[in-house]
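Each chain gets a letter, A, B, C and D, in the order it is written, and its residues are counted from 1.
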Amino acid sequence: MTAAAPPAPQPRRRLSVLGKALRNVGLVLGAVIVVAMIAAALGAPWIAPYDPDAQDVLLVLGTPDSVHWFGTDAFGRDVLSRVLWGARVSLYVGFVATAAGVVIGTVIGVISGYYGGIVDRLVVAATDVLLSFPQLIMGLLLVAVLGASLTNLIIAIAVTAVPAFIRMARGSTLAMRERDFVDACRSLGFSDFRIMFVHVLPNILDELVVMASLWLASAIRTESTLAFIGLSVPPPTATWGGIVREGFDNLLDGPWLALFPSLAILAVMIGLNMIGDGLRDASDPRAPQ
Amino acid sequence: MLRFVIKRLLLAIPTLWAVLTTVFVLVRVVPGDPTIIILGDQASEASRMELRQRLGLGKSILSQYFDFMGQILHGDLGRSLATNRPIVDDVLAVLPYTIELTIASLIVGTVIGIPLGVLAAERRDGPADWFARIFSLAGVSFPAFVSGILLLMVFSVQLRWFPVISSANAADPLERLRALVLPSVNLGLLMVAYVTRVTRSGMLKALGEDYVRTARSKGLPYRIVVWRHAFRNVLVPIVTVVGLYLGVLIGNAVLTEIVFNRPGIGKLIVTALNQRDYTLLQGLMVVSAFAIVVANILTDLTYGLVDPRVKTQ
Amino acid sequence: MKRHIFATAAILLASFATARAETVLNIGMAAADIGQIDPHRATTTQDKPVVSWIFNGLVRFKPGSASLETLEPDLATSWDKSADGKTWIFHLRSGVKFHGDWGEMTAEDVVYSLKRAADGKTSAFAPDYAVVESIEAVDPVTVKIVLKKPIPALLGLVANYHGGNIVSKKAAEALGADFRTKPVGTGPFQIVEYKSNESLTLISNPNYFRGKPKIDKIVYRFIPADASRDLAFSSGELDIVYGRQDQRWVERFSKEPGTVVEVVKPSELATLYLNEGMKPLDDKRVRQAIAYAIDRPQIAGFKGAATAVPAVSVVPTGYLGTDEKAKLFPNDIAKAKALLTEAGYPNGVAIKVIQTSLPTMLNSMQIVQSQLKKAGIDLQFEVVDHQSFHSQIRKDLSGAVYYSAARFPVADVYLRQFFHSDSIVGKPTAVTNFSHCAVADAEIDAAAIEGDAAKQKELWKTAQAKIIEDVCAVPLFEQLQVWARKTTVDYGYTFEGAIHLGPVITEATTKK
Amino acid sequence: MTAIPAPAATAATDGPPLIVEHLTTSIHVGSDRHDVVRDISFSIGPRETLALVGESGCGKSMTALSVMGLLPAGVASVTAGRIVVDGVDMTAAAEAKRESMRGDRIGMIFQEPMTSLNPVLPIGFQVGEALMQHHGLTRKQARARACELLERVRVPAAADRLDAYPHQFSGGMRQRVMIALALACRPRVLIADEPTTALDVTIQAQVLALLADLQEKEGLAVLLITHNLGVVASVADRVMVMYGGDVVESAPVAAFFARPTHPYSSALLAAMPRIEGEGGLQPIPGQVPTLTEMPVGCRFQSRCPLRIDRCALLPPLAAVGGDPDHRVRCWVRMDT
């Protein structure tokens, strides 16, 4: 990796990355977890044993048993069903907000790092401003201004993610720009666009994936945090963050309420991190087989 | 070095200005005003209107903005709309709590995160690696208010080791330290995942470096090779993460502050926002943005300490 | 290093020694911060108990009660009323000292305080005093109040509640805006320190006219997170705690050893106000459908029988003038659906509701949402933070408003603020009439000046019936106040009611 | 000035400082085992230099790491044979014992002076570190000794540069520092893995001269690993050519250059640029097979112009030309 990688052998390298990836146990396991979660989310209408919004005054805060595996909440609603339905919203929020943050942040970061000059300085200044806000406070303010809805929540979380990705992508691009192969690409007459997104981007992709996985969990967590100190998706829509938040009110009477959605977040997090690590390992030529 | 610090502070002025302006605009776009807080919910519309005028909220946004900026330029953060107390007093009252919590959490985060990361790297793909990685993720997966209550239930109510109310005996230094333990663990856990992760990948890289082989060829015990030779080279990315986290912690401390009943900038910001105490909110944002700028400068200075290749003038 | 240890040990010993000498009462409150402790502005739950420790009125609610019938002498030792009921003379206790160096309480302070309470610029309760013609000091220990018309509950206006609290004229004038956080009264406790978002510390008033309190210090802590407040109480760091208005909370703490849970009046009435100015709620049949769709006992069931009861009328139970047997709509989904169909909405209606994110209110509204859904009425929440909620419902932006309140225990106040057309949101005189309700103006106004108690009651009853029939609002349930204390704490009275929404800490209160 | 450690010459044994017998080193992939070094034996006496030659991937670096005991844990290990350093059987010794030998009795210098020094530690410390470890010197003593060592490897103004960091040195200077570091404890054996490959030609000569000088003074046994036959010709006493983990030819240096016998050796020499260079370069056709594709028998057979059927059986390392010191592993070329 210390030697300059010429542009030509790129496709071959990526092929071998795929090959290695398939042999990586962690990566496969991670993918299984995440796919299972997504499947559960998509299949919620069929899998969920009860209507997630159906209240029952006789079942308030029921302990987990064979009928309600995850117990019931303060309104007598089935927690398992709510966690399943909540996966739809939470994973959606998590994925879309993170994806938006990653895409916007990376594009701006790569362009800024690649061209430098006035564009770069403006981007750096704007990033500094955004990063000078405590992240949570920024989210809180944005949701308060925009109103509490799914879309606005995604916007608020994405906005907090963008500067971090700008900084990372810009830093990596700056480092890549110094490498010989970018010069080589230029001398071959490749367009800037092609160099940036076909040659530079793949080289920072593994780092991006790992960071994105951490951000995704943080996005889901932010949703519950915002619900705790401010606003979130309006009820009765079930979200993991919302269930955790409601669980907090009843933590001493029914700890399972907060526990199960938290474990769901943990599972997604573990899955994504395994994928991230796996991809990184697979693209790391030094990694032992 | 002093010149470097001064230069950085001057460079931060436009950033602070932009932060302030953004806050100023955002809080005035949010519906609601402080009159309900001040007058109560039985007040008539007329008396609320009258109060709005008196607080200067009836003026045009632009003139409010210039008033505010003028005040800031004179180094005056103004008075709280809700309590009429000087904002500087409120800030100074909570700042020590915020600083001590931030530092303690950084210590917890690194003291847990770094050994976990090193262990994970040494035992790559072994059970220890898996444990370290999953354990570190638990910290980011559980919202701070849930983990905080769990800590309180076990260590404060069952074991009675630490107080539930952090700020109860603030005058006594030992008690204060005791009260700091759980909150800093709770907040520090948030950082563990990132520190572990950066340490692990840094160590994996470092352990494969030629200089580690050189160190081993000298016949140094493995511990020394790992900590003196490999780990020293991972300090730069760790410092980066820790520096970035200084800012994150200031904002995210609010949940910990609420659950553990600690005063702090984060909690004050949320209250100010909830009460629409515009002046207090603006003042606090100045303080927290400034704190982040200082944190960044500290980070850069630390680079110079941990890596001889970085020059700080 | 060694010297450090000694120094620390010395500090520890010193603090231990002082801790033993002092009786400190730690009270935990469910709020992020104090609202206002200026007694003429204090309206939130967290403010009122504190005000009751700092201030006195001319008369006072007997500690531990919430009923007007228990009013007893406080700063006034006796009073006379003229035959027409318009002129009242109060004879003041002499030698009563304000906190600190603010001197002796005189008739001048009483006049200043009541005028301050009657002024909209300085008071949240000015409308209550609209009936007052004049207040004057006859001599330093005598105050004369002349009314425009006789009212049955004048003593309530000079009680240690809301506007009736007596402040130091000198202090209020000298401190100006700072009086908000450093109020000066004559009560058993005085404020020494306020830490925003954290605590309020009060120490005993050694010159208190009923005797020096047995409690030396009160630390009133703001602990908004329910779970951490509960844990602080369980761990013994709090002596008294504001309880969750929740069945399970009461049950859990009742079982905890060394703990007494007290569920007390007054109750706050939770009501769903329906905005008659907005489609489709302008159609009375739709409003009736909503009333039929609501299952009051079920809501109270969710909240738990220990702390909540179904509402009886649009005015809370136990107030002077409440119709305890008002004819409310029964739960009848079929009828609700039929009414909707009749109104031209066979497929149901959707109503935009601005809703606060405050968990207790949001939770109650979720039950309502779920009940109405069964009748095809879709409450679409637009959840906003609490201040936005207050602002937007006062701008007439919400189709239905969930609001929970306790007021001065006379029907007039509740009826006037929530159902009189003067109070309709948007008007300069607006208070909290979110419904645009105007059907009972005549009765409310007539009752206010009616001298005959029986006739007055009848007028209030008619007003309530009209409001219910027009479905300006659907009363839901009444929520009692819940407090818990360690058995080591003895209030010095039986805690059955709390007009101040919390326990009054008096000179007789003790802690073992 | 400081306590200079006992010179290696007083060591316990009089035999060759380094003896390797039937060394086999394998890489483990899952349950599979692939030999990357197969049954090689040699010994090096004091002041003797043995050059291991071959293309990258031939096993020469693996041999060096095996001798040092620095094979990547869990990936590769010595599976057969014996390594004796200064009378101590390294393969039988516990890790602690091996650790105490490394850097003390046996030192190593690496190919990349740019990356082989720790960028965040001062030079003086890195050079003296082994002395603190093995001889219990204090930091101050080690520093003084490091200064002497740096002077010895002719780092100019050594005393002033003890606190400098590697990035403040040029490549040649760094390699001198590496030599000082490896020789700090006066070892009896030095392994030099491509010590000059990364350096400019003029610097190369200087460094080789320095090494030769130190070898003479210290009585070092040197195992030189290189693919540069020019270097071999100038400094080595004996040559071993490796291919695919096997030694294919072993000879005194003069004999080797006079009569390269194994077809692979001939090819290597043909591929070497010469000053007179009229013949042009003859690249070796084909590529070294990967571990999993190694042919049974002679491993060079897939690229060998002389391949015969018998090559499917592994030839022994047998004498050639009647010279017992010149041996070759080839059915075609060996004496019959």
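In this text, a contact is a pair of C-beta atoms (placed from the backbone, for glycine too) under 8 Å apart; a residue touches a chain by one contact, two chains touch by 3 or more.
Source: prediction; values computed, not measured.
Trainee: Have a look at B-D versus A-B and report the one with more C-beta pairs in contact.
Mentor: If we tally the C-beta pairs in contact for A-B and B-D, the bigger total goes to A-B.
Trainee: Which chain has its C-alpha centroid farthest away from the centroid of chain A?
Mentor: D
Trainee: Centre to centre, by mean C-alpha position, how many angstrom separate chain A and chain B?
Mentor: Chain A and chain B have C-alpha centres separated by 22 Å.
Trainee: Could you tell me the distance, in whole angstrom, between the mean C-alpha positions of chain B and chain D?
Mentor: Distance between chain centres: 53 Å.
Trainee: For chain A and chain D, what's the span in angstrom between their mean Cα positions?
Mentor: Using C-alpha averages as centres, the distance is 49 Å.
Trainee: Distance-wise, how many Å sit between the C-alpha centres of chain C and chain D, to the nearest whole number?
Mentor: Spacing between the chain centres: roughly 88 Å.
Trainee: Counting only residues that touch at least 2 other chains, which ones in chain C make the list?
Mentor: 225, 227, 231, 384-385, 388
Trainee: List, in ascending order, every residue of chain B touching at least 2 other chains.
Mentor: 30, 145, 149, 153, 258, 270, 273
Trainee: Two-or-more-chain contact residues of chain D, please, as numbers and ranges.
Mentor: Expected reply: 115.
Trainee: Which bits of chain B are touching chain A when the two form their complex?
Mentor: 14-16, 18-19, 22-23, 26-27, 29-30, 125, 133-134, 137-138, 140-146, 149, 153, 193-194, 197, 201, 205, 208, 244, 247-248, 250-252, 254-255, 258, 266, 269-270, 273, 285, 288-289, 292-293
Trainee: Can you tell me which positions in chain D touch chain B when the two form their complex?
Mentor: That would be residues 68, 70, 99-104, 107-108, 110, 112, 115-122, 126, 129-130, 133-134, 165, 167, 178, 181-182, 184 of chain D.
Trainee: In the complex, go through chain B and note every residue touching chain D.
Mentor: 209-211, 213-221, 224, 228-229, 232-233, 235, 306-309
Trainee: Which residues, counting only chain C, touch chain B once they are in their complex?
Mentor: Residues of chain C touching chain B: 8, 11-12, 15, 26, 32-33, 35-36, 41-44, 120-121, 124-127, 177-178, 180-181, 194-199, 219, 221, 223-225, 227-228, 231-232, 234-235, 237-238, 384-392, 394, 405, 407, 417, 423, 425-432.
Trainee: Which residues of chain C touch chain A in their complex?
Mentor: 225-227, 230-231, 248-249, 252, 298, 301-302, 355, 357, 359, 362-363, 366-367, 369-370, 381-385, 388
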